[in-house]
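Next up: some structures, all given as structure tokens.
Note that subunit A is present in both complexes that follow, paired respectively with subunit B and with subunit C.
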Partner chain A sequence: MKRLLWLVPLAVAAWLLPYGLGGYAIHVADVAIIFAILAIGLGLTMGVAGQINLAQVAFFGVGAYAVAILTTKAGFGFWTAAALALLVAVVFGMLVGIPALRMQSHYLGIVTLGLALAFTNWVTNAHIAGRAEGISDIPVPPMFGIDLSSGYLFYYVELVVFAIALAFALLVTRSPLGRRLRAMRDDDLAAGSLGAEIPLLRMTAFVLSGLYGGLAGILYAGLIRFVAPESFNIANMFLLLAMVIIGGRSSIIGCVVGAVALSLVREALLDASGYAQLGYGLVVVLVVVFAPQGLAGLPGQIRSLLRRRAGGSRAQLGPFRPYGAAPASSREAALEVREVTKRFKGLVALDRVSLTVPTGEIRGIVGPNGSGKTTLFNVISGFYDPTQGSVALGGRDVTGMAPYRLSLRGVARTFQNLRLFEDLSVRENILLGLDRTRTSWIWRYPGLPWKVLDYERSLHRRGEELIERFGLTDVAGAGPRSLPYGVQRRIELARAMAMSPTLLLLDEPAAGLNGEEVRQLAEIVRSIRDSGVTVIVIEHNMGLVMSLCDQVTVLSSGKVIADGRPAEVAVHPDVVAAYLGDSMSAPTEATAEAAAEEATR
Partner chain B sequence: MHFTRFSIAAAALTALAACAPPGQSASSEANATGPIKIANVNAQSGQLSSLGQWEHKGVKLAVDEANKAGGINGRQIKLDLFDDQGDPTVGTNLARKIASEGYIAMLGTAESAVTLAMSPILKDAKIPSITSGQSPKLAELKSPFMFLNAPTSVTFDETLAEYLVDDKGYKDIALISNNGAYGAGEHDAFLAALKTRNVTPLADEVVTPDQKDFNANLAKIREQDPEVLFIGAEEVQSGLIAKQARELGVKAVFAGGAPVGTDVYATTAGLENAEGTVVSSPYLSNEASEEIKAFAAKYKAAYNEEARMHVAKAYDGASILIEALKQTCGEGGQKLADAIRGVKRAGLLGNYAYDANGVGIHETKIGLLKDGKVVPEAAS
Partner chain C sequence: MQVFLQTLIGGVTFGAVYALVAMGFSIVYRTMGLVNFAHGSVVMIGAYAASTFYMASKLPFAVAVLVAITVTALIGLVIERFLRPLENKDFTLMLIGTIGFGAVLEAGAVLVWGATGHAVPSPVATGPIDLAGVRIPTYSLLVIAVAAAATGLLALFLQRTKRGAAMQAVAMDHQAATAVGIHVGRSNAMAFAIGAGLAALAGSLIGPMLYVNPTMGGTLGIKGFAAAMLGGFGSMPGAIVGGLAFGLLDSFAAGNFQEYSELVTFLVFAVIVMIRPTGIFGETTVNRA
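Our next item is the complex of A and B:
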């Protein structure tokens, strides 16, 4: 509660502001608030969720036009029309979001831009939308006898809506949903393997975008009481984009600051409007070059600059606190891979691979480069659909299930070349793993926001415990990129264990570790096994494999060539041949390896 | 504890707000001395800036003359220019600015869409305005504070249709217009005028205001081989359409509203291509009458460029406002609106007599383009 105290003077200032403003200045403030709401929406989709959305101005238009048409042509009251308009804007947001399921980055930008243009084109030509002349005479919103045609009183309506919109956006960004959206922005594959339903999350981002766009549109219709195509054109989309970029796209408060600042600048430049666009462009370029995080990122940038000058201390990895041993569970198979074949066009990466791993075992998977080990992991964790064959978890068939579903069923994995979310702190990386909710849980955000906060608090509690267990307390607040490689490996392991998995897949966990770190790793993996988790390890460090694994499976050219206890496998003639000789007889292996690498990417 | 303190503060605030809702003290300063503030809102930047600049020159000429002649009962008129950028949203902002800064009347804008957006705000603020827009929708607003300084598209196109269909007996007519506010207004008005005469157009092509290549549209029109091609677009676009139509071999007579009577149209199309174009306009040329000749000379002396209809109607509008201000002794509001409605003036565009919808001129004349100059067609 104390933390929110700084809001009080701000709220009082906002409340008293109209007393100090002239009739025109208050109108400028009204418009600035509308743009701030729009910028929050764009910040959520583009900054937080990483969906390049150039249709925000069209959502704005949809909201405003829907109110205009419903009040003037269909005879609805203002607030009924407003509720319907909000619904229309959200549905429009979902429609625009559909392409995002198939494409990302600049392609998505082009598609959304096209849809925004289609919207202005439609309203310029449709009779119902008043064509180029627009729709005037939108009724004044009634409110218990308060005259909202006054810009002063409308300001208070806007202020309340804005406060709620801002609070909701902050709730979203500082909760499990926002964390998942940011994780999706950084690396959607890794986010999926942590249990994030990527398609649903993308739709959520566009629904939020439509919601905020519609909200701003309704307020616009109530304030200006006139709509025309020019107000929703691409120049305004650019202005909005500039607001978000200047303010700092991943910070909601930054977006608001950017929107308010640019609205005021636009007002000041009214007399030189011919050159205003040029000015905005220049400012955007300068910001992108010198402050890529925008105004909101400046304090952090200065802080890191100072720290670099001071030459900060090196983070220390604490000792690992072992898990308590779990009672031995049933010895049934945790994982059963039956006759799995995976083909990439002409290349057979896996050829009728069968594998049974009993519960509570540490299984090693070894083999030369390009023998299909990572492909096997990708099939088990749902990244690839097998061409043939089946995968069963604890006796239930899970062949072809999406990664997030498998993650929710207890499959956790690490990646050969580390996939930590770099824009999130170590703590947030781990909280992502801890959050086991389905995305459908999000109805609670508008419905029961306090439940969300409760859940978030409990996540943090469990997160701290896990961080402490893995000895990451010193580095919990840092960004993963700034940490040594060995620490990053430890974080990825902790993140995987945060999912409380029953099956843990480790892809070359010892790569790049020094001798002491390898020893610690072995200790941690054994403790994990003792807590009842089945572990499968791909590893090249033969010393580690021999000492750690209960059983070892050897793959070569996509086939299982040996299976058994480490000591037996090491002397198996086929294994020796695969590792040491006979490579002359199989010149295709190098090409196969390259192709498989390519496919894994 | 915190909570109670907070709620007390909140309660105090609400009480404060309830006692004195914020707002501007009604600007009834009614300054009977000092200059009279008049706003001129016109696009000075963007696509329609040339139109806005002409309008401003016409208004300024009239105001300067009035000030030189002693102003309104000794008070000078202070004319301030605002740039609406051709954007209705900017227009609404400016309307509020004008209302809050004590302007008593507005001249402009040249674009109907902007004026339409501003009109409700000006009506609420009781600020009379004289616009250069000619969209029929302006008259449909029936705002008692809104006046037009030119006829609406309905008048332009009714006169045109009467000449083409009733007098000349043309029946094969094709339309090409843009879907901007002006083009759409012309399109609708001319189509309605044809409909009352039971004429169905052979082709009805709609383009966008920034389109430059009309070959696809004109090829379709050529197939129908019309006798008349009606052009509903601004000056430059009309010229481009005429030029490309002749290049494609369209032989139809061109017809249109005020834009096709301008030198911009004639030079863009090429004098040969524009030859014989039928113009419906209240202001056919700078030589149409003695008054217009005098005005054109005066304008040329002031700005060193040729006068044109946009200048003339802006001048007319400003003159009407000045005349009304003299009657109210510089007072604005309802009184000024009534005074404007009462002005009967033989202006450059015709005889102004305002009706309830704010339209002052109810007829246009037909002219034909000869050598790039409009020659009045003998009234029939």
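Our next item is the complex of A and C:
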């Protein structure tokens, strides 16, 4: 929070600003603040949560129109109408958000844009919304005898609302919820496997969008006291988008800066609005190509350029500090896979696979490429629903459960091709694993914000301990993409262990590691097992499998062909055949005779 | 029944134009993975270019259309060159970058042609054909015929020519295409130019049916985009079927809900894509973990 101290002089300046401004200038400032609130909302949904929402201006319109209709047509007081309008905007946000459960990126963009057009179409034609002329006589918001029809006094109302809105947005982005939203933006599958409820998080993003849109709409209705369809059209959506992109979409402060700056520029270029429009378009294109993170990302871009020129030092992986031994508590099976079949259209990827892994064991799963090993992991961790069969975890049936539920029940996994969140630092990747709360926990954000901060601090404490245990102290602040492959593998393992799992699934953990790193990996996995965690490893490195695993299961063409101690499995004839092909099996008398016959013919 | 048939004809006519717009989207999307939100504005530029040449120079309509296609294909090449660093990368950035280009084109149109727009006289002078009480405007027949011919030519190009086959190969796997010696950059540029040309064709055809103005691109682009989604993004048959489907949806909504047609159209569209996000010809993809 100390990093936010620089906001204090800005706040003082904002408080004193009206003393230096004329009547028209204060109006411009009032409008700029409204756009800043809108931009925060769009930044949260699009920049932080990655939901392409092109209906933000429609939410703005819903808020403003709801106030207008409720005050002039239904006779409500301004503030009652405002409270109801906020509710309406949030509900509208949720309705527009429903498609996000089924589609993403450009699909979502076009659907939200279509729904925004539907809104404009309705207000332009509906009698109750005043048609094209709009609604004019919205009453002045009453406030203890203060005359809010003055732009100066309304400025202070806006400033207070804006400060609260900004503080809440900063709280959201700098806490577990914001981290989960950003993780979802980067890679929703991996976020789900870490316990993030993707559907609920997407709805949360749209609720926030509706909330900020509605808030801005209410202030707009109170300030201008007139609403008309053209204030909420696509051109304004584009202006808002330009603000957020130029400012930097994933930084809330950047969005505010972009909104204020562009509002002022727009005012300055009012006489040449045609050229101004051309200019916004060009600037957006240039920003997208050359500075994708906007103004907010520029310092970082410059810094990384300088560092590249200076030639950075190579980060060192520290030693792993073993876990304390805690013998497995129960002797019952940690995992029981019964007769699982998985079909993809015609292809049978798993064919009645059964597998029982006792608690506290390291189980190896080997088999040729395409034998269904990763599919089996995907079924166990909930990414795929099995076509038939069941999966039980510690005696409880968990077949078809969503990945986030399984994650909260103690299933952690790593991925064959590494799925670290690249836009998050190593520390944030680990904190995501540590955060074991359900998403419904988020009611604390508006209710008990200090609890959120306490929780965040305790997460950080535990995070540092884990980072130190896995020897990642030197690299904790870096982005995963900049680190060597072996380090990234270690980070993914640490992230999985941050979830304090009971069952750990490792998908080819040694792929791409050098000999020394493989040795360290074996040591770490043994220590994890000794702390009472059951481990299942998919691995092609036979040396590692033989030395590490207690039991080995061999898959071939989706079937279990052998199961037993490593030494037994290695000499099993079916296994040899699967790996080396039938022709390599020792010639029997029958085949030798057949060959001889073939030769004499 | 007559009303129904009349609406049907209107729907198919607009549907043919939407199909052209959607094909332009799809050919760009499948070859370079670029979702071109500026496409609607390219349609608008095409409509302006064709109508201006047609009305100012008294050139035959067909010549004016060819001029418009050339102009917009050149614009397409410029856009492609600018956005090349973003191809096959971050969807969000591409989307915003192309939206930015759309704004540039729209602002440019306002500066060149003014904000008010103009009406375009129909290039076909004869009156509508009366068929059992249903009036079929001759211009509708022309639009449908031209759209069908353009579709046929495009299919021939993609399937029968070497360059077309190369474009298909890039669409399937641009790295493998590079490996077998296809100049992916040139192929992409050509796809973009073809897409822009299709947009110009759509724009010049729709000019006489609507009022040509700078903001027409927004609505047309969204409708063409929605048509592509209905059919299945990136699929050429999908673009045709989706275009016709969206045209029918549009005209029946207009017939039954008058001024609320846009509201109804987009609500119905949202519901349909909720049920089947991949569209009619879209492939369902399996998430790979």
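In this text, the second predicted complex is superposed on the first by the 575 of 601 C-alpha atoms of A that agree within 3 Å, B and C clash if a C-alpha of one lies under 4 Å from a C-alpha of the other, contacts with A are read in each partner's own complex, and residues count from 1 in each chain.
Note that in this section a contact is a pair of C-beta atoms (placed from the backbone, for glycine too) under 8 Å apart; a residue touches a chain by one contact, two chains touch by 3 or more.
Since this is a predicted model, take the numbers as computed values, not measurements.
Of the two partner chains, subunit C is the only one touched by A:S105; subunit B is not.
Within the superposed three-chain model, A:V8 lies in touch with subunit B and out of touch with subunit C [touch as defined at top]. Contacts of A:V161 after superposition: neither subunit B nor subunit C is touched.
Comparing subunit B with subunit C, more residues of subunit A are touched by C. Contacts of A:S149 after superposition: subunit B is touched, whereas subunit C is not reached. Within the superposed three-chain model, A:G50 lies in touch with subunit C and out of touch with subunit B [touch as defined at top].
Using the contact criterion defined above for the overlaid structures, shared-chain residue A:A118 touches subunit C, although it does not reach subunit B. In the superposition on chain A, A:F344 contacts subunit C only, with no contact to subunit B. Contacts of A:L298 after superposition on the shared chain: neither subunit B nor subunit C is touched. Contacts of A:G281 after superposition on the shared chain: subunit C is touched, whereas subunit B is not. Taken together, the two structures place residues 124-125, 274 of subunit A in contact with subunit B in one case and with subunit C in the other. Listed in rising order, the residues of subunit A touching subunit B in the complex are 1, 5, 8, 12, 15-16, 18-19, 21-24, 26-28, 31, 124-125, 131-134, 136-137, 149-153, 156, 224-226, 228, 230-231, 270-271, 273-274. Across the complex, subunit A is touched by residues 35, 37, 82-83, 85-86, 90-97, 99-108, 110-111, 115, 215, 218-219, 222, 225-226, 229, 233, 259-263, 265-267, 269-270, 273-274, 277, 286-287, 289 of subunit C.
For subunit A in complex with subunit C, the touching residues are 46, 50, 52, 98-99, 102-103, 105-107, 109-111, 113-115, 117-118, 121-122, 124-125, 189, 193, 234-235, 238, 241-242, 245, 249, 274-275, 277-278, 280-285, 288-289, 292, 344, 374, 377-378, 381, 383, 415, 419. By the touch criterion stated above, subunit B contacts subunit A in their complex at residues 2, 6, 9, 13, 17, 21-24, 44-46, 83, 85-90, 92-93, 96-97, 99-101, 112-113, 116-117, 119-120, 124, 135, 137, 141, 179-181, 183-185, 206, 208-209.
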